[in-house]
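Next, two complexes with chain A in common: one pairs it with chain B, the other with chain C.
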Partner chain A sequence: MTEAPASVTLSDLAQRFPEWVSADGRPGYQGDVVTAGHLREIASALKTDFGYDLLSSVTAADYPVEELQDVIYHFSKSTGGQPLELKCRVPRGEPRLPSLVAIFPGAELQEREAWDLLGIRFEGHPDLRRILTWEGFEGHPLRKDWHEPYFNEEVKPFKDRWPNAKQQPAEQRTVLKDNLKFPPGFNPEGWLQQDDEALYQALKREAVDTPGLISDRIIVNLGPQHPSTHGVFRMAVLLEGETIVSLKPVMGYLHRNHEKIGERNSWIMNIPYTDRLDYITSMSNNFGYVTAVEKLTGVSVPERAEYLRVMMAELTRIASHLISIGFLLNDLGAFYTPSLYALKERELILDVFERVAGSRMMCNYFRFGGVAADLPPGEIERIRGLAFERLPRSVAELDRYLTDSEIVRARCEGIGILPPERALAQSVTGPLLRASGVAYDLRRADPYSIYDRLDFDVVVGRHGDVYDRYRVRLEEIRQSIRILQQVVDGIPEGPILAGKPAWSTRVPAGEVYGRVEGPKGELGFYLVSDGKANPYRYHVRAPCFINLTSLAGMCRGHKIADVVTILGSVDITLGEVDR
Partner chain B sequence: MTKTDALIPVEPTVPAELQGLVTLTSLDRIYDWGRRNSVWPMLFGLACCAFEMICTAASRFDFSRFGMEVMRASPRQADVMIVSGTVTKKMAGQVVRLYNQMAEPRYVIAMGACATCGGPFKEGYSVVSGVDKFLPVDVYIPGCPPTPQALLNGLIELQKKIDTESIRTARWYQKGPGESIPVPLLGPDLIDPRRTEEINLLSGAGTTKTAESQSQAEEPAHD
Partner chain C sequence: MAPLPGFGMLKGLWVTFRRLVDTYRVDLRWRGKRYRSSEGLQDRLSYKTRGIFTVQYPEEKIPPPENFRYVPFLVYDELEGGERKLRCTACGMCARVCPPQCIWITRAVDPETNKPLSQPAEFVIEADVCMNCGLCAEFCPFDAIQMDHNYELASRDRWSDLRFDLKKLSKPASYHAAIHPLRDQQETLERAGKKEEGAA
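What follows is the complex of A and B.
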C-alpha cells in the first residue's frame, strides 16, 4: 500500500491531454475540468495507464447562476492513495454527457441517479431510467430551482421559526393541504399509472441464454414487501424454470430526500440526518460526514476525541457485521434463531451507545472537531469488558456454530461468485470487494483519523462467493475487536472537542470529498460550500447503493432461492440505498 | 326443583361442585380475551424503526410474552400492521394494498415519527405526511425511533383497545362489505383516488403559485 500523491498523476494527465484537461480555477475547488467530448478517452487512459481502476463516485451539482451543471467523478486506485477528481461542466439547458458505463460499469446506477435527480442525460447508457423517484415524476428535484410542495425557504433556519417564531403548519402552505404538487392543468381522472414495461424490456434485453432445455420465461417480482429483502427493496427477476437469466434491482421505495433536505439544513443540522442513512451504522455515518467537513474547515481534532471516534466506529462495525451474519442465516432458512444470537451481542453495543450518546440507534454523537460527550464514569471498564471478554467469546461461539455447518457450506460455497476484476469495475467496496480478494480498505488505503497508528489486518477472501463474504465479515469483527483493545488501552485524557460547542459552523467556500471505510464499504461525502451557513451541494456516496450494481451479475445462472442468499451477503440497508 | 325453576336468578351462579372448573363470562369478554392475546404482527419493515421492531421481537424484549410471537410475512395471516418507518409516495400504494389484503379484524400501529406525521423527513418531496392519510391508525407511538419499550407499550395500548371491543359494535361484524381503501396512484405526484376532484379543481391554477400567494395573504392575520 504505497501512497502516490495524487498531484503527480494530475499533472501527468494534463501533460498527456493538454487541450482537454485544465485545472478547476474556482477558489477552494480541486481537481481538473475535462471537456465532455473527450471524457471517455481520458477515463480509459486513467484506467489502463494510470492505475485508477475504481470509479468511486459519480455525481453532479447544479449551478443555475452560471447556467452550468458540474458532473463530478472520483477515481481511486485499488492499491491506495487519494482519489482523483475530474469534472465536466455541461450547459444547464442541455446537459448531455457520454456515459462511462462501458469503461466503468460501476457508473450504471450512479448515472441513473444523476439523471433522475439532476436531469443529466448520459448518452450511451444502456438503461437510463429514473431510479429513486418513479417514471412520470415531475421534474428533477435536486436542481436548485425545483421546489418541493412544502417549500418554505431556500435555507434553514426558516425565518418563520427563528427569529419570527410564527410557524405555520406545513400543510397550510399548500393548496391541497398535503405534501402534494401537481403541474398546472393536470387532470387525475382517468390517469393511468405508468407500468413497469420499460423495466421488463430492460430485463429481457439483458437476459443471457442458458444451456439445456428452452422453456417459457417468466417475470417474478421479489419485493418491495418481501421478508428477505431487508427492507423495501424490489428485484425484478426473469426466470427460466428456476434459473435466473436476468435480474434488475428496483429501488427508491425509501427515498427520503436526504440530499435535498441536506442542502436546506445548516452544516451541523445534517449530523442527525446522517444517522438515518444506514440506520444500523449511525456512528460511522457521523464519522464520514464530520471527516468531510473537517477537511474543508481544517480544524484539528483532539487526541482523545479521535480515540473515542475510532472506538465508536469499530463498535458500529462489529454490530453491523453481527447483523449481517445473523440475517444471512435468516435468508438461508435458519429462521430467526441465529439472528437472536447476533442481536443479543448487538444489544450490549447499543447499551454502550445509549450510555455514551443518549440513544440506541440514532446516536448523533460526532461534532465538527470532536465528539458531543465524554464517556460516563466507569464506561471505559465496561467497554474493556466487551473488548477483552464478551465479544471475543461470542465471535468464537458464532464461528463454532456456523463456519463448519454443513448446511451453511452447502448453501454458500460457490454461490454468487464475484471475480475481483468485475468487483473493481463495478465500483464494489467494503467486505464484498475484500471477499473477492482485493485488499482495499480505506483505513489502510487512504488512512484517516488514527488508523495509521493502529495494528490490524485487512481481511481478504479468495473465491468471492457468499461463504467468503461471511468469513470476511466474521474475521473483520475479530480485527475490530483488536482495534478496540488497542484503543481502550491507549486512550489518553484530554479535551474531546476543539474549541467551544457551537450551533453554527463557518465553512470556507470550496468543495471536498471526504470518505471513511464504513461497515458496508466506502462511505463518501461530496460537499460544496459557498461560504454560507448551509452546504450548497451535499451528496452521499452510499456503499450499499453502489454495491448493488454487482447484484445482477452475481445472481445470473443461479436458482431463485439463491438470490435471497446473495442479497443477504451483499448486506444492504435500504436507508442508505435510497437515501 | 320444578318450583324453583321459575326463580332462576339473572346472574347465574356456578354450583359448588363445579367451582374452579367452570367460569362464567360474557361473549364479548372471551372474544376480546382471545383476540388480545394472539395479535400477530405482519413481518413488514419500512425503515429504521423496523430494526427496533426486530429488537423487540428478539430475546431481550421478546414480545411473545404478550402473544405476539408469530410474525407473518403474508398480510393474510396477520392481525396488526406495524408501520415501522417512513412511508414514501412510491411505497404508499403497496402499504395500502397490504392493508387491504389483511383479513379483518385488523389493526394499524403507526410506529415512530415518520409513520405518525412524516417525522424529520416531512419536508421532503417524496414522503407521505403520516400513514393516517391513507389508513385508519389505532395506536401512534412517538419516537425516532421508539425504543423497544415504547413499542411494547404501544402494543399493550392496542391490547387495551381490543379489550373495549364488542362484537355488536365492531366494524367488521356489521352488515355490508368490508372497507377497502382505494390504492393511490403515482402520477406527477401521489394521486389519492378519493381526492381526484379536488386535485382537478385546484391544479388548474398551478399549486405552488397559489400556495405562496395564499400564505402571503394569511400572513397579516397572524400578526
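What follows is the complex of A and C.
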C-alpha cells in the first residue's frame, strides 16, 4: 500500500480561493470544505486550471446530530494520481446546492442518486427525479432517521438472535401492508400515468431538432423486461422514424438499498454483500472494499496474500470480459454460439473460484489484511494450466472467430461513437473510456496492491465505437493473462493473513475513498467510520451505473436496432447499477 | 493487401467446424467412456478438455470441492454407547457474525438453578435467508458449525421445509470428516494442541 503523497493542488486551491476553501478539521477526515455558493467556480477552476478532468464520484452523508449533510466530490486527473476530495456542508433541513452537471455532465446520474437517497436538492440539474426508488417512495432512505419496512434494529448483530431467540420470519414480524407509506397526496392507483409523464417530458426536453423531413415523433419503451438488456433495465426512447432522437435510462428495478444494508452491517459482514453488487465480478468487488477499509485501518497485507488477490482479480477480469464479448454477439443476433464458447472458458475460471473460495460467483474470499483461504493442494498447477495453455489458446480462438467477421464489423464499426472529451466529461471509466483513447487505468494511474511491480500494458482504442470496445476487451484479456503468468510464477510462500482471523474489526474514526480498477471501471468505496463496529456511511461508486450516463449520447442518431448493441458494449450488470 | 470479402466469415465458420469435429474425435478416442464414468466426467471438467463438455445433471453430478459451501449444519460427536454430543456451546459467535442474521439461538437453562448451560435448547437457521457466506463456520471457536455440500434444497413450502431446526441441522462428525477431510484433519490437530496447552 503506497502512502498518499501530500497533495500539492489542495494547498494551491486554498491559495487561490482563500475565503471559500478550508481544510476539514474533523479527526480522520481529509479534503477541503468549500462553501456551497462558490462550488461551481471552484469546480471549473479544478477542471480548466488544475487538470482534474474526471469527476469520479458524487455522494452525500447524513449527520443528524450536527444538523448537516455533507456532499462529497472526488475529482481525478485522467493522467493519474490520487483523487482530490471536496466537500460541501449543507443544512439538513434545507439541503440545497448548485448542480455540477453543466461543468461535469458525469454528475447527472450521481446527483439524481444523492437526491433520491439523501434528499439533496441540486439546483440547476436538468432532470432531478428519483432514480433508484420510485415516485411513490416516502422519504430518503439513506437519512439516518429513515427505517426500512422490516426494520429490526439500528445495527447488527440483532439482540433477538441470541441467547434467547424466538425465530419468526420477517414477514410475520412486520406484516407488509401495515408498513406501507406514501408521500402525502400520492395516489398509488393513478401512479403509472404520473410517473411516465415526468419521464417523457424529460425525454422531449433533451431531444435535439434534426434538419430535414419533419415527422411525428413516437416514444418507445425498450424494457424493463427486454431479453437482451442483461437484466431488468428500461430505456425510454424518442424516435423519429427509426432514428433515436433522445434516450433516457430507467433503472432501480433491482434496488435493495445496498448502502443502507451496509450501514447496518458490521465491517466484515459487508464483504459477502459486495459479492452481490456486480455478481459477475465478485472478487474485484471484495478487492475494492477491503482496499478501502485497509486504508483506514492501516494494516499491511502479506506478500502471498497480495499475489493471491491479484491472481483472483485478474481471473475475474478475464471472466467478466469473456461474458461481455460473448453476450455482445448475442445482442448482434448471433444467438448463443459465441456466448457459450466464451462461457465455457469462464466456467473453468469459476471452478477455480469454487475450489479456492468455496463458491463460483459469491466468492467472499477477501479479508481485511489478507484472504480467507490458501490455495488447496494442486490448485496452482491448474491455474498455471489455465494461464499458460488454455486461456491464451481460447482467446486466440475467439479472436479468429469474431474479429475479422464481416458481420461483426458491419454491425459494430462506427456505431455508438464516444469521443474522448465527452467520455471524460461524463465520468466514464474502464474499457469504455480506454476504447475512446484515454489511457486511464487505475492499476497504472493510481497503483494499488502489487500492480506497480507487474508488467502489462494499458490497452486503448482509437475510435471509441462498439468495435473498439470489443477489441479493447479482447486485448485486456491478453494483458490479464500476462499478469496471471507473472503472478503464478512469482507467488511466494508465506502467511495469507496479517494477524489472526478476526470477526470484529477495529476501524479508527475517519473517512476514506478507496478504489480499484474493476473489470467495468473505477470501483470506489467511500466509507466513514465513527470508530464503532459498523460503517457510519458506506457508499459504492458503481462503474456500471455511472457509465450509463454516456448511453444517451452514444445512441442519439443511430437506429433502434443499434441501441441494443451499444448497451451491450457498455457492459452493465444490473446488480451494481441498481444496488 | 485487403482481405477477400467473406474471408473473415469463413475463418469464423472454420472455428465452429473444428469444434464440431473435435467433439466426435474426442468421443471416439474415449471409446464411449467419456460419458457415464467418473474419469470421463473429470476429463470434461479439466482445463485440457476439448469438444463437448456438458454434464448431464441430474443423471450425473459434479462432485463439490472440499471448500464448497452451502447452508451450514451442526456437528455432533458420537460417544461410546451411542450418545450424541453436539459440539455447539451456544456461545453465539455465529449468530453475531452472520451477515443476514439468519441464525437464531436459544441457550439452554438449567431448570433447577436457572443458570445458562453451554448448549443450545433450540437452534434455527432460516435456509432461505442464508447467503452461504461461510463466516459462521470460519469463526466458530469449537468447529461446531460447518458448511454443507448438499445443495439440493428445493422445496414447495418455504415456511416449514426451509426452517432448519436442531433436528434437521445436526449431522455426525463422521459426515463432516467425509466431506471436509483436510479441514477436519487440521481442526483435530489444533484441538489437540489446545488441549495440551490447557493441561500444561
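By our rule, the second predicted complex is superposed on the first by the 543 of 579 C-alpha atoms of A that agree within 3 Å, B and C clash if a C-alpha of one lies under 4 Å from a C-alpha of the other, contacts with A are read in each partner's own complex, and residues count from 1 in each chain.
Everything below uses one rule, namely that a contact is a pair of C-beta atoms (placed from the backbone, for glycine too) under 8 Å apart; a residue touches a chain by one contact, two chains touch by 3 or more.
In this text the structure is predicted, and so the values were computed from the model without any measurement.
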Which of chain B and chain C A:T133 touches, first, second, both or neither: first
Which of chain B and chain C A:R390 touches, first, second, both or neither: second
Touching partner for A:Y29 - first (chain B), second (chain C), both, neither: neither
First, second, both or neither for A:P272, with chain B first and chain C second: both
Contacts of A:Y63 with chain B and chain C, given as first, second, both or neither: neither
Which superposed partner A:Y200 touches (first chain B, second chain C, both, neither): neither
Which superposed partner A:F17 touches (first chain B, second chain C, both, neither): neither
Touched partner set for A:A357, first chain B, second chain C, both or neither: second
A:W503 touches, of chain B and chain C: first, second, both or neither? second
Chain B/chain C common contact set on chain A: 152, 166, 272-273, 276, 344, 362
Chain A-facing residues of chain C, complex: 3, 5-9, 11-12, 14-16, 19, 45, 47-48, 53, 64-69, 90, 92-93, 95-99, 101, 103-107, 116, 122, 124, 126, 131-135, 138-139, 147, 159, 163, 182
Sites on chain B touched by chain A in the complex: 43-48, 50-52, 54-55, 57-60, 73, 85-86, 88-91, 94, 98, 118, 120-129, 133, 144-145, 147, 185-191, 195-196, 198-200, 202-208, 210-211, 214-215, 218, 222-223
Partner chain B, residues of chain A touching it in the complex: 133-134, 136-138, 141, 147-152, 166, 168, 170-176, 178-189, 191, 193-194, 224-227, 231-232, 252-257, 260-261, 264, 272-273, 276, 279-280, 336, 339-340, 343-344, 347, 350, 360-362, 574-575, 578
Chain C-facing residues of chain A, complex: 152, 156-158, 161-167, 169, 265-266, 268-273, 276, 337, 341, 344, 348, 351, 354-359, 362, 364, 372-373, 376-377, 382, 385-386, 389-390, 397, 400-409, 501, 503
